[in-house]
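When the chains are written out, they are named A, B, C and D in that same order, and each has its own residue count from 1.
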Amino acid sequence: MPLITSDSQGVFVIAVTPFNENGSLDTNSIDRMVDFYYEKGADGLTILGMMGEAPKLTQAESIEVARQTLKRSGSRPVVVGVSAPGLAAIGELTKAVMDIGAAGVMVAPPSLLRTDDQIIGYYRNVVETVGSDVPVVLQDFPLSTGVQISSKTLGAIIEAHPSIVMVKHEDWPGLQKITDLREAEAKGRRRVSILCGNAGIFLPEEMQRGADGAMTGFPYPEMMVDVCRLSRDGRYEEAQDVFDAYLPLMRYEQQPGLGLAVRKYVLAKRGAIASAAQRRPGMALSAQAVAEVEKLIERQERKLEALT
Amino acid sequence: MPLITSDSQGVFVIAVTPFNENGSLDTNSIDRMVDFYYEKGADGLTILGMMGEAPKLTQAESIEVARQTLKRSGSRPVVVGVSAPGLAAIGELTKAVMDIGAAGVMVAPPSLLRTDDQIIGYYRNVVETVGSDVPVVLQDFPLSTGVQISSKTLGAIIEAHPSIVMVKHEDWPGLQKITDLREAEAKGRRRVSILCGNAGIFLPEEMQRGADGAMTGFPYPEMMVDVCRLSRDGRYEEAQDVFDAYLPLMRYEQQPGLGLAVRKYVLAKRGAIASAAQRRPGMALSAQAVAEVEKLIERQERKLEALT
Amino acid sequence: MPLITSDSQGVFVIAVTPFNENGSLDTNSIDRMVDFYYEKGADGLTILGMMGEAPKLTQAESIEVARQTLKRSGSRPVVVGVSAPGLAAIGELTKAVMDIGAAGVMVAPPSLLRTDDQIIGYYRNVVETVGSDVPVVLQDFPLSTGVQISSKTLGAIIEAHPSIVMVKHEDWPGLQKITDLREAEAKGRRRVSILCGNAGIFLPEEMQRGADGAMTGFPYPEMMVDVCRLSRDGRYEEAQDVFDAYLPLMRYEQQPGLGLAVRKYVLAKRGAIASAAQRRPGMALSAQAVAEVEKLIERQERKLEALT
Amino acid sequence: MPLITSDSQGVFVIAVTPFNENGSLDTNSIDRMVDFYYEKGADGLTILGMMGEAPKLTQAESIEVARQTLKRSGSRPVVVGVSAPGLAAIGELTKAVMDIGAAGVMVAPPSLLRTDDQIIGYYRNVVETVGSDVPVVLQDFPLSTGVQISSKTLGAIIEAHPSIVMVKHEDWPGLQKITDLREAEAKGRRRVSILCGNAGIFLPEEMQRGADGAMTGFPYPEMMVDVCRLSRDGRYEEAQDVFDAYLPLMRYEQQPGLGLAVRKYVLAKRGAIASAAQRRPGMALSAQAVAEVEKLIERQERKLEALT
């Protein structure tokens, strides 16, 4: 089974968790969804993240989702979100998913952390808990966690723990942090892979700043795939053209809370999952919101046609 | 002097405060900037808001900026931000600016408020402090204040205080709140004017949901003017076309903290102010960020040309 | 097996979780500790709360601790803390512990809740998740959760859900809330049991305001037992005399984070558990802190002697 | 006029601001209150702090209060709280009060600061704004500000700015921080004065850890005076005896928000101010709360008698 490394790149789609209308796990849709993501060009997946409704799953369900996704993914790397209020739960889930072939685990800091040393100490505890042989993705998402990690603090963590091989970058504003990381590497610090989240809303700039790819769940993974590929080839104008065509919907999908309803609506519409249902509690799309999304999709299709 | 009312509509530009490179107030640029905003079609201005670097001004400077802006604006309405940790300061500045012709004052809730009743009580105190004859804009901006005002709570405040004539709407997600307000009015609640902030990032949808216009500081006010005008005329597709052309830059300008540097950079570039300088403390644009902005502007101009 | 009801009263000690020096669960100490609490007069226990290091336990360990505590407690009621970021985990743990004889479960609101309706909606979801036949303790602890529940909102929740039979009261300041609850009951609202936390620091006033007892983990449960008993007998001066003798240590033990180290130090010193060790991460007592605690205990003993 | 220095010690009482029942400034009470504090043994005062209702004063009123307090204090040092959301207001008020004889200014960090470097940068800006000749008190009060300053960060600030001569210490838990500061000084770092707040609730331990005195507003300043004096003389048991006699009321007065009502009630009762009125918005004492306070005072007097 593949492990992520500090050289990992490309598009790791943040997968949703499919549910039936009654709130039960829709295991039938998992294979279909996994296939959909890879058909659209994903290099790997990330499951059980915030947008994967992970906190709504029991531990048994979490492992079931991981097992099925890993099996269907075959040799493709799958990262598993294991963030939890306590280290014991992180260790327990990490062991379970690494045993069945996960490529690494992703950990966001708990929201009570404040000082630099508290953040540094937290990741030391995480690495000790999961074991230094397990590749870790550090999720840097202050808008959601409330924890601000400066470039300096991030650097101290990276230097201390070689097993933290990847940063899920979604600080906002955060372009400078990518530049800071790459400049430190140019001066000798070990490399980390940087995959960008934040709903993809800064992907062209992030790629030019030195990111290695995307890790977000926009329901048109082909956008991320194309922007990353074109950027890596230095075809920045074309990358931006593709990005611009999707941006109106991307912006709409980035609304906190509501965004997941948009994402699942589009995935269901595209046939990737059977139902847009979220497990309770979740926000639903009003009729007006559905109309807005439909109009944005229609315009998006027109623009994409014009591009080709 | 004009006062804002619950029927106010159009574009109220959130004005920046121009500084010289040494951090002193650039009073020469104020007239030029005011003229620029009106030339681009603004219906009014809002000064001393968060993006106007208001907390960096002394009280004397605040009043000086207000006086000059009001004078130059002539018969156009100018709203003044008076948010402060204490009611006394709110009352003091409100009196000063209403005396010299402000059209109303804008108040965001202090970040300690939590329960619905605390929020309702706060606005009761505000209205009692400034006097019920002063038109008040309630700024609903949870991302910045941390205070979440539900539609129900907002309704209770509106019903209790006729002098709260306008909502600066920048909840995120917030489209449903516009719908909720308008539906309550359809059932008999008094009307409030809704002008939208949030950097303009949802303006087309907001106008279709029933907003009366925009109150934000995107440095191309003509975008807001056109989107609002076309939306009012029911020409939604054209409104969206204009919006889409500006969206990549708008998205870039929406970065918290950094956004003001982008905004002032563009305004200086467009000749509206002499310098992009911010008074300390402020974020500066790196060379890379400048290059990114320039490229976005260049692409934007190309798209606008294609539209006409 | 007994269930808690809205008439429950007395002292429910918040139990610590005993660990060995190496961080493993010290199951040997559990029986000893349970016996200690009951010997000192406890009417029941509450386990897996914040001060029970619950987030540091795996799910399997949590259930093991619950099973052993329940067995040793025999016919005494044991409440189990099941707070978690997601409803699924709450439901999963609730089912597990109710099946083996828990007297009820305790749920604190997740820290993201802000508006009154969000809080009300949350407890509706909790009751639906655990089932309306499971007695629930609502933990109202804003200092820790950041969620402020007004008396009005608390009342709406109590009215909606008869299965919420108890409030763990630790708002600060919070005396008025007890008065509000009891006044509403005098006017016809159904009764809830109110047991007070907050390290016991307001216990005499809380009992006089109408509380039914204490639910906190001060390592001298006999203090809570005596204060509650004397208060119920109307012997308020004597209750306050006992309280005052313990107050200097109680105040010291109330320090967030450090308090658990003090608590475990005293419990180990008193022979209730074998070791004061906390599972990582945890704060340790410095030599100076140990000296401070020892001096406070010494003075406390002298004062208690003088009382008798 | 005296300035505070890094050798300042003793008791600086946090003064309330007296208001008339109608909410206007009660300037008559200011002299009386100032005299009261000094008669009870205060070495200096601190005005316009959070508990001085500073945010409820207009700028003109703030300066008036400062002027009168300074005049009445004669050669005694008076520190003025100047915390504000923006540097300009801090600079403006600092200049005004230093010109009329303040001994220094006190600045708490604004609640948005998160990373160590943001905090360090903030105090650099403060010192540049007020001028390095103005003695500054750094108020370290995370419970209120939400900003956590580690010992390391505090050390970096102290090393960078000799004009920050004093720390108002009210971290919770915070005893270790005093030890950390003193240990760093033993190893060569320059000395800072440490005066303790937190309602005095840890004063005996703080003095033994190396604090120089108290800076809080407990309405029996003689408690602080005695505890500090006895502690400096090494008579720790007697210091603790005095402290213990006042502790039940001190604990009651420490309730956030409500505490100020208790404080003013006692000060009015003792004749230090004419009215316990707070300017709006403020919490009032219910009849039950008044009865509780009265009982605590009565018991306190009995205990003090027994001590002598």
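Here is the rule we go by: a contact is a pair of C-beta atoms (placed from the backbone, for glycine too) under 8 Å apart; a residue touches a chain by one contact, two chains touch by 3 or more.
Being a predicted model, the structure only gives us computed values, none of them experimental.
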Longest centre-to-centre distance from chain D, chain (CA-based): A
Distance between chain centroids, defined by C-alpha means - chain A, chain C (Å): 38
Between chain D and chain C, distance of the C-alpha-averaged centres to the nearest whole Å: 33
For chain A paired with chain D, centre-to-centre distance based on mean C-alpha positions, whole Å: 47
Contacts with 2+ other chains: residues of chain A: none
Topology of the chain contact graph, where touching chains are joined (line, ring, star, complete, other): complete
Interfacial residue positions of chain C with respect to chain D in the complex: 172-173, 175-176, 179, 201-202, 205, 208-209, 240, 243-244, 247-248, 251-252, 255-259, 286, 288-289, 292, 295, 299
Of chain A, residues touching chain D in the complex: 114-118, 147-150, 152-153
Chain D contact footprint on chain B (complex, rising order): 54-61, 84-89, 91-92, 111, 121-122, 125, 128, 279-281
